[in-house]
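First chain written, first letter: the chains are A, B and C, and each begins at residue 1.
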Amino acid sequence: MRYAIYAGCTIPNRFPGIENATRIILGPEKLGAELVDIKGFTCCPALPTVYSTDRFTWLVMAARNLTLVQDEDADLVTLCNGCFSSLLKAAEELQNVVKGNRVNEVLSKVGRQYRGRLARVEGHRNFYEPVHVRHIIETLHKDFGKDAISAKVTHPFSGLRVAVHYGCHYLRPTMHTAIDDPSAPVMLDSLVEATGAESVNFADKLSCCGAGGGIRFQVPKLANAITKDKYSAMHAAGAECIVTGCPYCLFQFDHAQKELKVKPLPVLHISELMALAMGVPADRLGLDWHLVKVEPVLRKMGGGGK
Amino acid sequence: MASRIGVFVCHCGSNIGGVVDCPAVAGYASGLKDVVVAKANMYTCSTAGQEEIKKAIRENKLDRVVVASCSPRLHEPTFRRVVEEAGINPFLLHMVNLREQCSWVHMKEKEAATEKAKALVRMGVARVRRLDPLKVLEEPAERRVLVVGGGIAGIQAALDLAALGIESVLVERNPSIGGRMAQLDKTFPTGDCAICVLAPKMVEALHQPLITLLTYSELNEVGGHAGNFDVVIERKARYVDEAKCMGCGACAEKCPAKVPNEFDQGKGLRKAIYVPFAQAAPLKYTIDAASCIHFKTGKCGLCAKVCPVGAVDFEQKPRELKLRVGAIIVATGFDPYKPHVHGYLGYGEHVNVITALELERLISASGPTGGHVRKPSDGKVPRSVAFIQCVGSRNRKAIVGNAYCSRVCCMYTMKLAQLLKEHYSDISTSIYYIDIRAFGKGFEEFYHKVRSMSGVEYIRGRPARVTEDPETHSLTIRAEETLLNKITEREYDLVVLSTALVPAEGADRLQRILGISRSSDGFFQEVHPKLRPVETARDGIFICGCAQGPKDIPDTVAQAKAAASGAAGLLMKGKVTIDPQTASVNEELCEGCGLCTTVCPYGAPRIVDTPAGKRARIIEALCHGCGTCAAACPRRAISCRGFTDEQVSGEADEAFGHGEAGK
Amino acid sequence: MTKHPEPVDGEAGDKHGDGGTKMEKKPDGAVDEKLPDETVEKLIIEESVLTGKEHDPNFVDEIVRHGGKDVQTCLQCGNCTGVCPVSLKTPYKTRNLIKLCQYGYKRIFFTIPWICAGCYRCYEHCPADINPAEVFTAIRHILVRDKGAPAFLREMVNILMKYGQNNVPSDDIRRFRETEGLPPLWPDEKEYDAVIRELKLLFDATGYDRLMGLRKDDAK
């Protein structure tokens, strides 16, 4: 399998450790996939900014990102719920010929055309399909599976009680492809269990962290009020840390717990958890940029500790 | 010999006349070749209009008639009768559609519509000129009706047929008749005890000599046509000899195998050898082989040992029964919607979330708890109960539930709330609704009565979340109470889901066997929703009750009676007529290739041996005149009476001005 | 458990059966008083009735045109409010906002903050298959065209136009990336200038910069 990693904005600029973790676990050192480096990506664009105010510009920007990968014969793997939702939605909308033509009219001004990924050739006709936009959680679960991952785990997290946070755009809206059952998703729980940890059940597991839609940016107090409910439920269930597939949710949990002055639970991205479990040294993962110290999690790591 | 054709152009009030200039069309028609008289009238289908046609036929010695009006689907039979009464063969009438195919689709283009109308009439005249007189065939009809489904609808239809002296065979796939009504405790809005009202009818059906009950049986095949259907019924093996079984119950007492009872919606237990409920008719025991120890392991057999009359017969085989009937009434009823397990309402996950029918069984004195409503978690009486309406109904999301309203849930919830209050004066009930539909006779009054009871609260808001307390198993419902404009969270001991009515399982299989349609909601489809609610598009097959759509008992009984009346009307004359517009084979052209037999949906063409070799012949009784065989035949050997090549292409030529209409 | 209260002798509202509302000494010393006039003025007299003048007959169509789908078939069941994280914490109820759309009360949306999280739970639960989050997105489209983008959004788009991303890294982030051999962050790369220029052309072509009030040559 060939993958082009799309790291978005939040990860490379705030949590580059997540990007590193993903490259290491997918790459030749661990799971052995081939990675393709793409230059020139911009913001996906994030839904609360451009999509909120001009859907057409959003589609143009997203299509431009997809053109960078369309000829690579690789799946575009996102590490963020927002990027996933934005690019997947764009790939689907571009199947509409009228929309696609309008977008390409604009893209031609910068010398680009979105065609999609070459699916097959019949005679002298090329057939294209939408660029494959994937999420790291779904990629790890579907393309590798729990067993293959467990086989690479050298530092299991046995006994670690994890509250998983799927976030919103990984699951919804289902009118665009639902990769996991939106009322009973399993993939993130499964990946956490593959590292030896325990995924605890807690109330309102599937609700929003509160950061999205521009709320964190505008009214952090409201975002935190929403996060507080999630925190309380996770805490009541005895969770020791939070694992998520979205860096913005991570950012929100990280900051909200400090701002709410509650006994904080360390927050990790699934790539970070997985990298640690596979024996990647913590100092390669940029964990110091997490506001809530992650030492308590590291102490639970088996097979030789930090 | 030249024809003498009369053309009658109808205004149809303003339906046609408001767009098409009817007098102009009539004037145009009168100039066409062979047209002796052409008139325009207001309502040709009225008595006056019909009389005018007859008068014109007599006065002008007409031998063919064109009526230019609405769709033939409405009045073709009417006008055929009219011309026949005036002495013309009814198939020398041709209708031209100036309404659905002209005025109604060109409402803003009056001149063009009028020109089109003239062209259509010209074509119609060319057609009628070439038509042949045809004779309606008659066939003796079998004076017996097959009723599929033994609930209140099927029972009522059979009883009504018996009252008219018509024999019926009632096929029911469960071991007893009675259906869903037998599962109810009381009925709305009167509070009548369901079984008290139903059981006498069941017994009547059991003893009525004109009704044959075939329980634990299924319909497998239907062939033939109205008046003469050939049906194949499978009598499943009960492993109990019905002739010997006295219904004493000694077998069930000894049977060691216990399984959840379908009649109690899984809330109670029954034995492997069982009757579904105490008032079962016929009162004969049945062995459910899937849960019987003897069938699973070869051991036990206690029932056979204790039966005083030796009725248990493990060697019994299913039997096939072939019958001829004249009409079929489908009364297969409904199933309650199964809420999604692990859906956000918690059904299947939170033990104290149950469906309305399950509550009905708990509250019923004949139910698994003897009429005492007990929480599944701890067997105690609940102090607070919440009902959630519209579960599985009124949902436009493709994968969740159904878009329609199930019609009866508002009312049955009111009934259940009232029953709970009557049993337990301190209980409090809350009903979470979006709208309340209390439209029938006595319904609004009942709604008022239930609302005025203390301890009954109506909350407008669709629940967003149902969570369970891990220790007490009580449930918390979070919902926006829209009339309060506030999100609330309230705790209840028991949550009841008012589930939708969906077509009974096997509706798709039955649809294929019968060759009838289902509407987009999955229920069997009536020919016309207002005027022909119990007939299907297939002559001789009727539908009634919840098989046609969700409804309550009074409406079900009314439809059952209507279906019985329809079936009787078809059969009482002792014969059925067959439309002569059927296919026929020119044996000189036919080579017996058999292609027609592969394309006909009704199995009408057969290949037979003749002195000249293999030839196709059409069984007219089966033929629907669809024309598929005629189109498929590579030798053009098949033609359809009333739609021959000359007749149709002659009409088509007229459209393009190659005809001989003159002008 | 609700029991309807039994009427007592004396007047309606006469809680203590002593014949008429009296001034009661409350436990904390406060006394029930007649409402002061200013309060009455504010509560009763200034409270106004909606007369239909607020109704914009094109609002629903405008919402549809901007991708919001029909709001007229909303049953007002309230399930959306019940699952909405923002409705839980603020007085803004999703169902009520859709009702305001049905009513065509466009003007009121000028006063409502842009706090839909876009979590789409409302869409998942709606029995009428309406997508309130998309309706609110459509309304944002309308508002930004009618009265311009809010300051926070212009700030975010400004950063986007300048850097091609939502934020920029600190020095120690850059150092980490170098050490770990991660691809240089795009603003580091010389070629990224070309990307910024591309974005500028695209924004110019779609008019997005003008929409956000960020076009340099527009007279401000």
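What we mean here is this: a contact is a pair of C-beta atoms (placed from the backbone, for glycine too) under 8 Å apart; a residue touches a chain by one contact, two chains touch by 3 or more.
Predicted model only: the values in this text are computed from it and were never measured.
Remark: among chain pairs A-C and B-C, A-C carries the greater number of C-beta contacts. In this view the innermost chain, defined by its CA centroid being closest to the centroid of all protein CA atoms, is B. Chain geometry summary: the mean Cα position of chain A and that of chain B are 51 Å apart. Averaging C-alpha coordinates per chain places the centre of chain A 26 Å away from that of chain C. Separation between the centroids of chain B and chain C, computed from CA atoms only, is 49 Å.
Each of the following residues of chain C touches two or more other chains: 88. Multi-chain contact residues, meaning those touching two or more other chains, occur in chain B at positions 344, 465. Across the interface of their complex, chain A is touched by residues 66-67, 85-86, 88-90, 113-121, 123-124, 131, 133, 137, 140-141, 144, 149, 152-153, 156-157, 160, 164-169, 173, 176-177, 180, 182-183, 185-186, 189, 191-192, 194-195, 198-199, 201-203, 205-206, 208, 211-212 of chain C.
The touching residues of chain B, counted against chain A in their complex, run 342-344, 465, 467.
Per the touch definition, chain C reaches chain B in the complex via residues 1-4, 75-83, 87-88, 93, 95-96, 125-129. Those residues of chain A lying in contact with chain B across their complex are 183-184, 203-204.
Taken together, the chain B residues at the contact with chain C in this complex read 344, 383-384, 390, 394-397, 401, 426, 428, 434-435, 454-455, 457, 460-465, 478-482, 485, 487.
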